[in-house]
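Common to both upcoming complexes is chain A, partnered first by chain B, then by chain C.
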Partner chain A sequence: MMMERFEVIVIGAGPAGLAAAIEAASNGMQVVVFDENSRPGGQLFKQIHKFFGSKEHHAKIRGFKIGEKFLQEAETLGVKVVLNASVIGIFQNREVSVMLGDRISHYRANAIVIATGASEKMIPFAGWTLPGVIGAGAAQTMMNIHGIRPGNRVLMVGSGNVGLVVGFQLIQAGCKLEAVIDAAPRIGGYGVHAAKIARLGVPFYLSHTIIGARGAEFVERATIAEVDQNWQQVPGTEKDLELDTICLAVGLTPMSQLARIAGCQVADLPQKGGMVPVCNAFGETSIPGIYATGDVAGIEEASSAMIQGKIAGAAISLAQGYLSAEDFQLRYASYDHSLGQLREGTFGHENKGRTDLKTTDDGYPLSQFLFRKGYLADGELSHYPGVPTSERLNQELMPVIECIQNIPCNPCQDACPQGCIVIGSTITNLPAINQSAKCSGCGMCVVSCSGQAIFLVDVNYAPGYAAISLPYEFKPLPAVGTSGVALDRSGAILGEAEVISVRKTAVMDETAILTMKVPVQWAMSARFFKQL
Partner chain B sequence: MKKPMERTFHTSEFKAQADDSLIICRCEEITKGEIRRALYDGMSTINEIKRFLRVGMGLCQGQTCNRLVKGIIAGELGIAWQDLEVSKPRSPVRPIAMKIYANDGLVK
Partner chain C sequence: MYRIEEHPILSAFPKGKLVKFAYDGKTLEGYEGEPIAMALKANGVMVHRYTSRHSQPRGVFCAIGRCTDCVMIVDGMLNVRTCIIPLQEGMKVQTQDGLEKKEQDD
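Right after this comes the complex of A and B.
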């Protein structure tokens, strides 16, 4: 019996796997990708938010669009993507067994890429097996892939980026996000992600853990309580919440079983999320010809996974004679630089786990209030280069960029046709207002900011009134003339506001610019409009 | 275990705890109390407990509970969970019907 052989077998059609496949195939290699799901793309297709990074990292493009692009590219290059194909084992001499339909097939590969990703961590608590307790990633799949609301009243446990991003998407899907809790004393994810939720009025309970969930047939109530520095419950701090869904966003852990079965050397590293195959800089494991890339090699994010995949694909091409040493060196240098950029900043590799950071890399104060509450205190804004001086604000319409942590991200700079926003070659720099440029009020910066952290402020809109333009990604879009209330950064109601303009064009990619009229004294505090 | 463990490690009696009824392995519905008690019943390695109780042998093959089980065992033995040996993953890594597993091209 002949065993079919492939030049490259990729296990997992997520961002890392597809990137590796595309890279190898672009060098002329024959590639097959096996994925156990019925749809390809891994985590990409449920990422409906705009990505960060720079243009080469697909900044300001929504995750699922990046996924579509990848699939197109893979198809064009002749990569074979086989769905509903579960790889059940990797054996000696790079032999792979795949369950497809009602049979097992065995294949040989010249090189294998393990790109099986990660699964969600769980924390057990009384009542955690009641219907209604789900992973945040599962909630995201339900909403964004299947169009099903996971519940109506949701508690998000975990304030890392997954919890914050999914929390916002739950609200977009029409759920009520009752609270975000975290046992840590600080919010784990980006300040801008927290701010998006805070200004909708969602409370953050830090140093809080979930004690239990109760209900007859499904979740009906949950108890949360404060914990001290030793993670012990503080008596008397219990809070009872009425809800029907508890989302757990408490971390991801690599699905590295195939690497271990293959005999790869593994290490259990907390900073990588768990047990990962030990790889060199090119993604090769301890077994020559077997590579591991993406979350399975260390929990990061989709943007990093894509670059890691490309690196592995290039390394395989070199090893198999499809890429010259010189070409490989050039590509690796470029990919490595790109990957390095994503790993810098306030949340970068060097700073992982640090709770003592007081300033940004470029010397601005890091708001500790933001870490604890999820929004900036009014008085803190003036410290930052993206916030215009009061003189300038009094003179003309100005962008106000409330992005105040070092995140590798710069689409705002490229978005402005007037050159109003400057970040520079170090893409983690805080965006700064260019003092010699004039804002035309086009709002392209507002819609290009993946963190939804840019506002246009015109204090001279009308006597006694300011016009505030903000990014709006909810349905239904309020009509011009709608009355409602303006909320401040903490979600507190300031008072009456009226919608004076709603702009939404194709190029804005589903982020509308809503402009509201508010009393001028709220110009630097009104940051959301709520219809009544 | 990475460190040699005496089977008479526990000289104390099993004491019930308030959260013993908490389900840890959701796939096989094994509780925290059952896992703790296994140590007093003579089990001393992850692999033994897995085979005795079936923790980690259900649909998700331990993806959800492995870490939790290790923590409970380590807590009970008073050691760091990193010192516990890991349970070995084996093919097939996904649940599979026997008739499919056997349908791999053998021609008789």
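Right after this comes the complex of A and C.
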């Protein structure tokens, strides 16, 4: 039997696998990537939001655009990406069996990278098998790849970043997000992601679980109820919601089956999301030459997966003689630093699952209100370094940065041509207003903030009126002169507002800056414009 | 009715040509190459099959070919994962009842 041989076989063409392939190929290695899907990119092409991080992490670039860039790089470097190819076995001496169509082919590699990612967790409840109950990933596939709205009225179960981000995307696709629920007493994902949907009026029901879904042939309603500290349903708290879609975003599990088939040592590590292959710092498993990288080795963000993939690719290049020890050390040090940055902060490795944090790393109070409600209380704003003093706001147009958790992200600092925003070299620091710089009102910070947490506030727009500039990513885009209402951070209507400017250029990458005129007393509370 | 006409971020969803296909004796339209399940959803179809023992309805769940909840009978073949199999002109798609086609269908 003929067995084709490759220097590197990568399993999975998602962010981690592609990064590993690109790194190895850039060092001169011959690489093939197998993926069971008909499209490459894993989940990257379903991510239409701007990513967090700093420049080196592709921050403020939308996920699908990072995916396009990766595919292009892979192609330029001669990486062979084979789609509709399911790897069904890994055997001794790094032999790999691949199902292609109706045939099984065998390959051998000097090194194998398992980058199979993760699968979604589910929670069973009465009626959970009804059509209309879908995974959050399914919602993204339907609306962001195929242009199909998953439903009209949607309940999101899970308030982690996936639930929050997909919830926002559902609204962008034209669905009504009825509520976000979570059994935990606080919102699990970034405060800025929660705030984006809270100001659209989406309620959060925390300490709530789904009791059941009902409908004859498909979902027509759902019952939710409060749970106590022991996760037991509190009698009498049931609430019925009329809707047609229930979206589950309750976590991910590493897909480590291939690592187990290969005989790699695995361990059940809750902080990594479940059963994962045991890897060294370079992603190598207990079997020499077999690496595991990305979500399969521990659930993290796509940005981290990309760096982990590069580390594995570099380690393979070193082991196979394609990279010198010195070059490897240099590269590894830089990747490791980059990865370390993403693992810091309020949601970082050390703080995972912690609910006792009272202050940020840089000593500011962490808003417990934000964790409970999904938005900041008016009175809390002045605690934070990104919010100008009222004296300064009274004098001039200023950015108001409502970013108050340590999230590894700094595009706002780079975006401001005036140097108004300071984060420093620790990218998890809260952005602070530079007291000596003057805002030109260009709005680049507004559109560069992946969390959509920056607003420009001009309290002297006209006598009695303030102008609020906000990021706007919905259709239809209101025209100048449109009257509507201003909403506060909770989505409650404050009163009449008028659109006085709409800016949208190529560099803003589809995030428009909408400026609305509101009575000056709402300058620090009006944060969204709603067309009537 | 479920097609996104206007999206704030995504300018267009690349589609093949509009084709006709048969669904339980009816003629529906969808775009060539899109997953069968998407064409069905666009036409408001929610139920793809009924389970063999309890006759419970099932539809799209994972949409990436993993869970097999959305299987139907396509051109006479049972258990076709409609969420990943591309639509072709003239396809015959039938609701699956356990491991058979549903009796009342065509």
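Quick note on the criterion: the second predicted complex is superposed on the first by the 532 of 532 C-alpha atoms of A that agree within 3 Å, B and C clash if a C-alpha of one lies under 4 Å from a C-alpha of the other, contacts with A are read in each partner's own complex, and residues count from 1 in each chain.
To be clear about the criterion, contacts are C-beta pairs under 8 Å (C-beta built on N, C-alpha and C of every residue); 3 or more make two chains touch, one makes a residue touch a chain.
Note that the structure is a prediction, hence the values are computed from the model and not measured.
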item: First (chain B), second (chain C), both or neither touched by A:S334; value: neither
item: Contacts of A:N434 with chain B and chain C, given as first, second, both or neither; value: neither
item: Which superposed partner A:Q320 touches (first chain B, second chain C, both, neither); value: neither
item: Chain B versus chain C as contact partner of A:S119, first or second or both or neither; value: both
item: Touching partner for A:M99 - first (chain B), second (chain C), both, neither; value: first
item: First (chain B), second (chain C), both or neither touched by A:I88; value: first
item: Which superposed partner A:K475 touches (first chain B, second chain C, both, neither); value: second
item: Partner chain in contact with A:I134 - chain B first, chain C second, else both or neither; value: second
item: Chain B versus chain C as contact partner of A:H146, first or second or both or neither; value: second
item: Interface residues of chain A shared between complexes with chain B and chain C; value: 36, 119, 129
item: Sites on chain C touched by chain A in the complex; value: 2-4, 6-10, 13, 15, 34-35, 38, 41-42, 46-48, 56-66, 69, 83-84, 86
item: Chain A residues within the chain B interface of the complex; value: 1, 36, 86-89, 91, 97, 99, 102-106, 119, 121-122, 124-126, 128-129, 253, 255, 257-258, 260-261, 268, 274-275
item: Residues on chain B engaged by chain A in the complex (per definition of touch); value: 19, 22-24, 26, 32, 61, 63-65, 67-68, 82, 86, 88-94, 96, 99-101, 103-105, 107
item: Chain A to chain C touching residues, read off their complex; value: 36-38, 48, 62, 119-120, 129-135, 137-138, 141-151, 172-174, 217-218, 473-477, 510
